[in-house]
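You will see chain A twice below: alongside chain B first, and alongside chain C after that.
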Partner chain A sequence: MSKPGESMTYRHPGTPARRFTYRPMERVLLPGASAFAIGGVLLHASPWFGLGLALAAFVAMWLLTQSRLSAALITGYVSAGAAWYLVAQADQPELVTAGFWCHVIAAWLLAWACVEQLAAIATQSRLYQWILGVLIPVLFGVWLLILWELVTRGLEVPQVLLPSPSQIAQRFTSSTHILWADFRQTFLKAVLIGYTIGCATGFVVAILIDRSPFLQRGLLPIGNLVSALPIVGVAPIMVMWFGFDWPSKAAVVIIMTFFPMLVNTVAGLGAAQAMQHDLMKTYAASYWQSLFKLRIPEAMPFIFNALKINSTLAMIGAIVAEFFGTPTVGMGFRISTEVGRMNVDMVWAEIAVAAMAGSLFYGAIALLERVVTFWHPSVRSS
Partner chain B sequence: MSRGGSTLLPVLVVTLAIILLWYAGAAALNLAWERSVAQRAGTSPSLIAMLGNTMNQERPVLPAPHQVLHEIAETTIHKKITSKRSLVYHAGITLSSSLLGFALGTLLGILLAVAIVYNQALNKSLLPWIIASQTIPILAIAPMIIVVLNAVGVQGLLPKAFISMYLSFFPVAVGMVKGLNSPESSYLDLMRTYNASRIQTFFKLRLPTSLPYLFTSMKVAVAISLVGAIVAELPTGAVAGLGARLLAGSYYGQTVQIWSALVVASVLAALLVVLIGWLGDWVNRRMGLLRE
Partner chain C sequence: MTVADTVIDIERLSLTFPSSDGDVLALQDIDLTIRRGDFVSFIGPSGCGKTTLLRVIADLERATAGTILVNGITPKQARLARAYGYVFQAAALYPWRTIAGNVALPLEIMGLKGEAVRSRVGKNLELVNLAGFENKYPWQLSGGMQQRASIARALAVEPDLLLMDEPFGALDEIVRDHLNEQLLQLWAKTHKTVVFVTHSIPEAVYLSSRIVVMSPRPGRIHDIIDSDLPRERDLSIRETQAFLQLAHRIRAGLRAGHSYDELA
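So, the complex of A and B:
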């Protein structure tokens, strides 16, 4: 398949090919970076720093015509050093001027140029591809944090509105025991137990109705409809039925995860082709043999799709259910009470825990998927 | 359903079975209360009489379907729409913020998808974060976002719409990236032989080909934006909206009220999804993308 970038390199056969052309983003980013760097100097920010940034941008422009990697390295190093310097300055109000913000933009454009170069590097090596695939998003995320830190510190945003990443990290490290207790209550109990039971029942019910086309035709549209409904709303009812502790949260998670699993498994069990069914018949395979050896493996991509959807649904269900009543521990409880007490840094620490748990959960399932469905085209091609 | 046969009858049978199960569940769950009432009164009514009573308790553990329907009829048809006790009023508030969030989210999703498709660096750096953004349980941060936005002076619809937007941009962005990349390479080659510019290729090939993907993801997005709006109403102190009805119902043990709010929310979600589905079918048919 042709990528959009390639269409740019196409030239009419009549025109002579030039040896090197800057790509459109490079024409904007690097000159933009040097313009902002010099603009910062004109606005009375530190002159040597600004000139250094501008020089780095020019050098990168020249290096680009030689080697993409070296241009990426110099923009990366210079922008990282600039970020360090700028963050150190951000606490001194007399230094935070219009020129300072010009330099922030210049450093950010340099970092963007670095990502742009890294993304354009064409390599056949699996290892380099993997390193680049991790490095590029990480650089993007780190710069998001740097800009967040600079804006909150430089503009002196009140901590109640938006704490800086460093404040959140400080709070995180100083209250790990609370965070761990909340994590255990919400994630290890409510989410994991509810998720396991919900996914397992969805799977088993799908296998049970598999032999009845009538039930399938009746349940599938309803299952699809229910998947679109705001099921989180049952949270108050579950809290009334099962009490304040984690079983009520697990119940919400079970209901939320059941239907996506049911619908996807039923669809997956129908995914095997007629030819494959015929092969199983020539082997005189029984219903259960062809179920376990052909249809369930064939359904695995669908099942993992449901497992992935459910991993985020389960987190949401458990945390929202805690808004309706909970013992005095749990991530949802902590978030709602600390908001009331204006301890916003604690809330963000809790959010960081939730985000990390959610990402790791999702990542673990994605990894398992690659192992189990190694034969699937979408895994083989990547 | 490709396997043939009508789906209407099976769906009706399953729906009927669900309603019967619901009645059975209501009878079973509410019986304990009837027993304790009878014990305290010192009477011993027949089982049939007690079962009859389970259908019409004031605060049942599980209200029977007709009680919920009665409550819905009571609060939609027999109340003035402007009344604070009218479910139409509350549903309208939730609907307006979820639709605003859905519109903003769809727009953001499309813009992000275009940027990602046309810029390799964004494709590699932004796409993983878009996926990661959804592992953050935004609904959990909803209370804080509402409080913070209130403090900055943003009030009313916008904070709730923001939550809906955050939830609904994701399916649209992911679906549109897939859709905009879906033209086969021979079509792209054809555009090149026409010497079409990038903008022409976008509007005449990529955008039309992506429309089926857009509507499929919009169906997911509209459902999820309603969930976002409902949950966003929880921390605002239960002032108005379907989420507020849920919270108020849970505070005062009004199960019938909770269930009627849930049913109305479900009907609303189903209507929205069907509406987007129709719109998608109509547009696709007009574009010649859907052949029966």
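So, the complex of A and C:
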């Protein structure tokens, strides 16, 4: 026999088990998807396809009450299949009717419901959390591309205004050698070299002027002035000074990245609290000891802030600087010439390269930041 | 009492802080001698200069008049000789260093390396009952454990003099009682001279062999009380008549020094 109290539950005997309730978005998305699917059929689009979509939405409504994961799977699969079917239809102008667009909206609502359900899945497993964390933005991005594809094909948008993602992808794969050469010229040379020199000198100068309030007061306002200089004014001058090849672009990047690093490092070196300085004083620590053991570690969040800002600035600087004179290679050069030749898909392919390179660059620095400033409350809590 | 027994010798010491509405007299005519092995508490309301006096001993502030000798030399020479360990109101541990790394910090600054650092870190963490927490980061420990780690850090330089500025002020009373007990055991084990700033009467009576009662505006010493409590004591001593009498004398001293004036 169990001891009294041990087997007791604190639920009142009359209380029923907690009833399932739909989340607000689920109440809108899935009925909305079936409504648009049926609406499409009424507007003379493919009846079997429309009824199939509506059925999938109803099944998902019911499955939701059982398991969020299976509902997410069915909406995910059905919306993916629907996207494939709709893209194939979009090339035939006689099929692109009001009913077709109803079905596009229905498929998109299904995909949205899929993302909603994935986001609502509560899991303790770190691995699943990570997978969901990657999957949700990827699904979101893929559906943005699908809608882009459908709109450009279905509405026959002129290629000069907006090429479809598939056209851009085709151009991308057929001109990888050009893209690689441009990437090497602009990113591997101008951006990386300029960024490294700009950030390093900004950091070193911050340390050099650390002991001189005079220099700090004199240099920082000039720094603000220089960071306000328009890059379109500086770039042609750098081309005159350093020639057409990448060194002039690297020089623009150095100018753009130097002062953010200087200003942030100076601020970071002043971030340590008075008590921590007193502590170093009681140890009879030298200037350099308290610099390396206290002030630079304390400045790290500021320094990484500058590194992240500068990664974006460096990309912009190098690409825009190439508009003002360059050998016949480079991402900025390609963008400006291909626009002139109406090859907008090539421009978009370069934009895709720039976006990927920029994101990876930023991501790598953000990752390094998490490793180096693991102790900072903003990193610790997440 | 021989000269060699005197750790801190203060004569007619004054300190004024310049401020926008005239100079503020933070300390006035302080005369105080602290003997080797004493546990001396400075007690008084905020603004009485007790922390300032401790900071003058540590050479974190400079006196504007009078003389002060620490170990027979000036506070600056004593600081450069690493004659004392200082425990602040907050633990002030570096969050990017582990507990062991924090305790090793002053040793690294002294230029010690390798095994010498490791053995001293281990020994001092054991003294404050933190063995086993070497690889934790400060933010993973409770406030009481952080403050114990900061005491181990102050002890790591192996000073004969320990300066403590309201080290347990931010902790709750249960943790504070516990740390007070441990501090007394530590004092008994290491025979160090301790100068301790507090605004808690029971804490001052419980810990100290001598109690310096200070009063504000200007900061000055009102009374110096030699405790007749036995050196070996535990928390139950706080119920005894002798303890209560000492506490009463401190309270009377604080009142006579007008410490309670604007609180009434």
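One rule holds for everything that comes next: the second predicted complex is superposed on the first by the 345 of 382 C-alpha atoms of A that agree within 3 Å, B and C clash if a C-alpha of one lies under 4 Å from a C-alpha of the other, contacts with A are read in each partner's own complex, and residues count from 1 in each chain.
Everything that follows uses one rule, which is that contacts are C-beta pairs under 8 Å (C-beta built on N, C-alpha and C of every residue); 3 or more make two chains touch, one makes a residue touch a chain.
Being a predicted model, the structure only gives us computed values, none of them experimental.
Asker: Between chain B and chain C, which one contacts more residues of chain A in the superposed model?
Answerer: The partner that reaches more residues of chain A in the superposed model: B.
Asker: So, A:Pro47: does it touch chain B (first), chain C (second), both, or neither?
Answerer: Once the two structures are laid over each other on A, A:Pro47 reaches no partner at all.
Asker: With the two complexes superposed on chain A, say which partner A:Thr282 touches: chain B (first), chain C (second), both, or neither.
Answerer: It touches chain C, and chain B stays clear.
Asker: In the overlay, answer first, second, both or neither for which of chain B and chain C A:Pro93 touches.
Answerer: neither
Asker: Taking the superposition on A as described, I'd like to know which of chain B and chain C A:Pro297 touches: first, second, both or neither.
Answerer: In the superposition, A:Pro297 contacts chain C only.
Asker: Between chain B (first) and chain C (second), which, if any, makes contact with A:Met315: first, second, both or neither?
Answerer: In the superposition, A:Met315 touches chain B alone.
Asker: Looking at the overlay, does A:Trp375 come into contact with chain B only (first), chain C only (second), both, or neither?
Answerer: It touches chain C, and chain B stays clear.
Asker: Quick one: is A:Gly243 in contact with chain B, with chain C, with both, or with neither? Answer first, second, both or neither.
Answerer: neither
Asker: For the complex, which residues does chain A have touching chain C?
Answerer: Answer in residue numbers: 273, 275-276, 278-285, 289, 293-294, 297, 300, 373-377, 380.
Asker: For the complex, give me every residue of chain A touching chain B.
Answerer: 1-5, 7-8, 10, 12, 25, 112, 115-116, 118-120, 132-133, 136-137, 139-141, 144, 160-162, 213-222, 225, 228-230, 232-237, 239-241, 311-312, 315-316, 319-320, 323-325, 331-332, 335-336, 339, 344, 347, 351, 354-355, 358-359, 361-362
Asker: Taking the complex as given, what residues does chain C use to touch chain A?
Answerer: 58-60, 79-82, 84-86, 88-90, 92, 94-96, 105-106, 108-110, 137, 139, 157
Asker: For chain B, which residues count as touching chain A in their complex?
Answerer: 1, 3, 5, 7, 10-15, 18, 61, 117-121, 123-126, 128-129, 131-132, 134-141, 143-144, 147-148, 151-152, 181, 185, 188-189, 192, 195, 198, 201, 219-220, 223, 226-227, 230-231, 234-235, 242, 246-247, 249-250, 253, 255, 258-259, 261-262, 265-266, 269-270, 273
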